[in-house]
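Take a look at the structures listed below.
In what follows, chain A forms one complex with chain B and a second complex with chain C.
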Partner chain A sequence: MGWAAIRAYTILVYLFMFLPVVVVVLLSFNQNQFGSFPMTGFSLRWFEALWNNDAVMRAFRTSIVLGLLTALISTTLGVLASLALVRYAVPGKNLITTVLIAPILVPEVVLAVALLLFLNWLGIGKSFALLLAGHVIFTLPFVILVVQARLVSIRRDVEEAALSLGASPVQTFFSITLPLLMPAVAAGGLFAFTISFDDITGTLFWKPGGVETVPTQIFSMLRNSISPEINALGTVMILMTVGLPLLGAALARWLSVKRGV
Partner chain B sequence: MSVEARERRQPWILLSPALGAVALLLLVPLIFIVVYSFWLRAAVGPDTPGFHLDNWQRALTDPFYRYILLNTLKIAAITTVFCALLGYPAAYFITRSRGNKLILLLLLMLPFWISYIIRTMSWINILGSSGAVNTLLLSMGVISDPIRMLYNEATVILGLVHFLLPFMVLNIYVSLDGIDTNLEDAATSLGATRWQAFLQVTLPLSLPGLAAGGLLCFVLGAGTYITPLILGGPRDAMFANLVFEAIITQLNWPMGSALSLLLLLVLGALVAIYNRFLGMSQLTKGLG
Partner chain C sequence: MVGNLQPCAARVLSPCPRPLGRGAIAQRGTPVSSVQLNDIVKRFGSFVAVDKTSLTIPEGAFVTLLGPSGCGKTTTLRMIAGLLDPTEGEIVIGGRRVNDVPIHKRNLGLVFQNYALFPHKTVVENVAFGLRYRKVPRDEISRRVKMALELVQLPQVGGRYPKALSGGQQQRIALARAIVIEPDVLLLDEPLSALDANLREDMRVELKRIQERIGVTTVFVTHDQSEALAMSDRIVVMSNGKVEQVGAPADVYNTPASEFVARFLGASNILDGRCLSRGAEGALLEVPVFGKVMVPSAKAPHLGGAGPAKLVIRAERLVLRDTAPDGGLMSAPATIDAVDYQGQAARYFLRAGDHSLQAINMIDERPFPAGADVHMTLRPQDCAALPG
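On to the complex of A and B.
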């Protein structure tokens, strides 16, 4: 098989990956009142409809609060655990890592059922607290993987220099390790936020009646029929989940250039 | 307390919140549903604790459950094969292309950030009765009525392949990228054709990546219930749909426990076999 053939094949694979998503974005600007093909002109009417749709705006608020809290808790737990694993000689390190990664080794449906039934037995039924617990446990492994990878590359001598100059371990952490770790913390937090923002598999099990996140809102709108509003909502979600990391990366780059690192 | 003792205690203090969370929110709940699966559903009021084998007996012998389980494994297997067929050449191209490798990889990572439900429902815009394909065919006069392409097993597989392909490409890429290209050159200089060199040198060396990608695609594919709900018809339920039905619709939690444990056992056995022969390190490499 020639190189040209492989190239053509790869282009087709990329088209397969992206074409459906491009169509979602295109149709969300469609003027046609059924929101389907053919495109009749450019219009923002579906975004306006979203803005005026109370259920959708409520779902957005729920998703954002849930995502932020998930990112906060998950990143805190993940950074502490990664520090222990990378910076200390802990006995049974492999076993501990496997346990911490376990939430992504178990199929999400099974995790969802187990958590729902157990917390319900403890007296915590379907609620925002259950949703938050589920999102934290599901995003934690990703945060740990990202932060650990970054932490390994931070040289230890910088910390040791601070310690030998009389800084306490806590001082060293806040004035040396944490600033160096910041990109990893930000990446972990962003990762946790996006995964939480996108999740539907577990969320459908955990959410109380009447509470919707953006994905479950889309899911329930799909039950009726595919309306152009869903495409507009999809476009907003794509902008958020793709745009945020890109923005974050650009910001990190700008900061490091400014600091001259 | 001596400095050494403190030094020894410190990592455990740092680890305890995360380990505590995993224990309380995953490990103990898993043990709990093992116990729960032996309880019985009560007609009224709370489920009856006890040791009854009824749920397990039904989960293991009911022909409908068995049919759905086998069908789920079949769908996951077909999905994995398609991911490999589409993903391998693409990963090979990215590894060997000069210059724009990073952009190609970044583009490939992009779908990871695009919502799963958006990517799944996007196929309705393409294949639906007023979707792109039907509109095009109608306007060209090839057909006079829209063709019904959606809501069958094929579209479920299509949706799953679209969802899982990046996992496959990434794993193969990691594996291919670690292979010294001189090896292939050495083979050709010794008289092998390019194709022979690929088949006998590069392909065998990249098999660990292919296996890791395959395992991820299979396990993630076999555990989904959203794709069949959006792109499948009423008869295209997968095993996770049975779990969802039992827990959310029928509120039969003991039965739901047994069914989700059965799914965990089947997929866990697969991961264990993989781990026995290839180890977990390749998998974490692909995730990192």
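On to the complex of A and C.
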């Protein structure tokens, strides 16, 4: 009896969490003009409408460029920071780690306003670069946490062996450390991309006028009306933010199986 | 001999089975790969890991740094390797001061306790790694990798990843990777410690065979005295950052230079006594239990003249008998407190008056039982004397 109840309860919780998502995905294929049940037939017309909606496509491009740049910069900085913190005796190591991880702990609104006020005080206006900087600050902790954990598990003597064999420190990094670190770098990059792609709070504060990302675009579309187009856009976003990490994980697993690691 | 960085390139590659190293290098006139440490000091904060150590490791020798953990042996090895900078002193390899030469330019082979193979590279890629940074042509690389794998008797595993190999195989590959670059010096940091007991003894023989075959100057770090005794040309016994004794295995074992060495290598009984006189034929000691003992000069090199002295008796030199011997041997009665049965031998814990002693004897039929009264017998030339 006890277990059955727990099982039923668990299923209900998951239904509560995922049913709305399923509804959005289902309705995005609905033929009817009004996004509600019962569905009147299968259609891709809302995806087509999305494709032809310039504002949405622009937002999409912005989001992807922003996400890719965020992932690139975050992983680069994250790897460098992790190397410094794990491999070298940096003074104030613990303090630096805490400061780097802090953006996760600080509420996003506070972070957003703080950065904005700070740049205002410096006399720098809103720009795409600022938006990018904000996203990097916000995603960096995730990258550092993942990369650091992996770096700790890479034995120092493997790098020392490479050095003794004649590889310079830089060559050692690129031929030994980075390849061994790659799963974490890829995971960190995916994290950074999906977080950036999803983000709305910070983006609303930081984005310059006229620039929209997919979430802010959805937000502004919702203010006017609930169009089935939004369901289609939601489906695309779900596909990207859920599908991409899954694809990454599958790729990583396939690579490691191939190598027998 | 294509693309090699130093004149001993033919060592690994030569098909002939006799040792080549020393002869091959002599052509050059001066030794290229002896190692010299001049007054090396290494401090970590206020902790002195290595204290004013000087050491000469001759060309082609197999030298073991032996000592308990924390004695500074690994620190010394890492300084030779270039992984640590000495606080003071000079490191000279092949006549060249290398203090300021970074590790990747020292041309050393390094083998670690935990193999340290590159997990994302195949065996062949692992072994070829060092050659790639030496601009060795491609066909030369594959030829030398093949020969190195044959030398460690693993020619068939080239395509595998390290994870698919046993510990012993991984360590052989690590050795192949270190010697394929024909290093000036081979540095081995407890390479056998991670292997299980049987394999360790096989690898010991194997490692020594390969080292003799290529004749490379080798520095071996271990805390295992039997490895040190079995493999080395010379043993450097270290304790608390200082060198206690340097010598051939038999010398270090039979004629320890200090109480530490006597206790660290094998089981020893040390009796505090006095040296009564010191002559050409030997030193006359008076110690508890055995009374007066004449220790031959060769076994008392560090003893000056009359004064406090210690008598060192190896546990396996102390032979137990039922009855007192007729003559020529030193002898003393004792009672067996406990017996530690070890199969072919037994270790006896003995009591003679106020003194506790140990004896390790081969067992003929059955060991003496605990509680038995026995006679401990000993030849004077099997003792060694130390200043007190």
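As a convention for this text, the second predicted complex is superposed on the first by the 253 of 261 C-alpha atoms of A that agree within 3 Å, B and C clash if a C-alpha of one lies under 4 Å from a C-alpha of the other, contacts with A are read in each partner's own complex, and residues count from 1 in each chain.
Just so it is clear, a residue touches a chain if its C-beta (ideal position, glycine included) is under 8 Å from a C-beta of that chain, and two chains touch if they have at least 3 such contacts.
Being a predicted model, the structure only gives us computed values, none of them experimental.
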Overlaying on chain A: chain B and chain C, fit or clash?
-> fit
Just chain B (first), just chain C (second), both, or neither: which does A:157 touch?
-> second
Decide which partner touches more residues of chain A, taking chain B and chain C as the two options.
-> B
Look at A:173 in the shared chain and tell me whether it touches chain B only, chain C only, both, or neither; answer first, second, both or neither.
-> neither
Could you say whether A:47 touches chain B, chain C, both of them, or neither, answering first, second, both or neither?
-> neither
Should A:128 be classified as contacting the first partner (chain B), the second (chain C), both, or neither?
-> neither
Where the C-alpha centre of chain A sits as vertex, the angle toward chain B and chain C in the overlay (nearest 10 degrees) | 100
Is A:165 touching the first partner chain B, the second partner chain C, both, or neither of them?
-> second
Quick one: minimum Cα-Cα distance, chain B versus chain C, in the superposed arrangement, integer Å.
-> 6
Report the residues of chain B in contact with chain A in the complex, numbered from low to high.
-> 7, 10-12, 14-15, 17-19, 21-22, 25-30, 32-33, 36, 86-87, 89-90, 92-94, 107-108, 110-111, 113-119, 121-126, 128, 130-132, 135-136, 139, 162, 165-166, 195, 219, 222-226, 229-230, 240, 243-244, 247-248, 253, 256-257, 260-261, 263-264, 267, 271, 280, 284, 287-288
Within their complex, state which residues of chain A touch chain B.
-> 1, 6-7, 9-10, 13-14, 16-21, 23-24, 27, 34, 36-38, 76-78, 80-81, 83-85, 87-88, 90, 96, 98-111, 113-119, 121, 133-134, 136-137, 140, 144-146, 149, 194, 197-198, 200-201, 204-205, 215, 218-219, 222, 226, 230-231, 234, 237-238, 241-242, 245
Across the complex, what residues on chain C touch chain A?
-> 81, 83, 102-110, 112, 114, 116-120, 129-130, 133-134, 160-161, 163-164, 174, 177-178, 181, 187
Which residues of chain A touch chain C in the complex?
-> 155, 157-158, 160-169, 171-172, 175-176, 179-180, 259-261
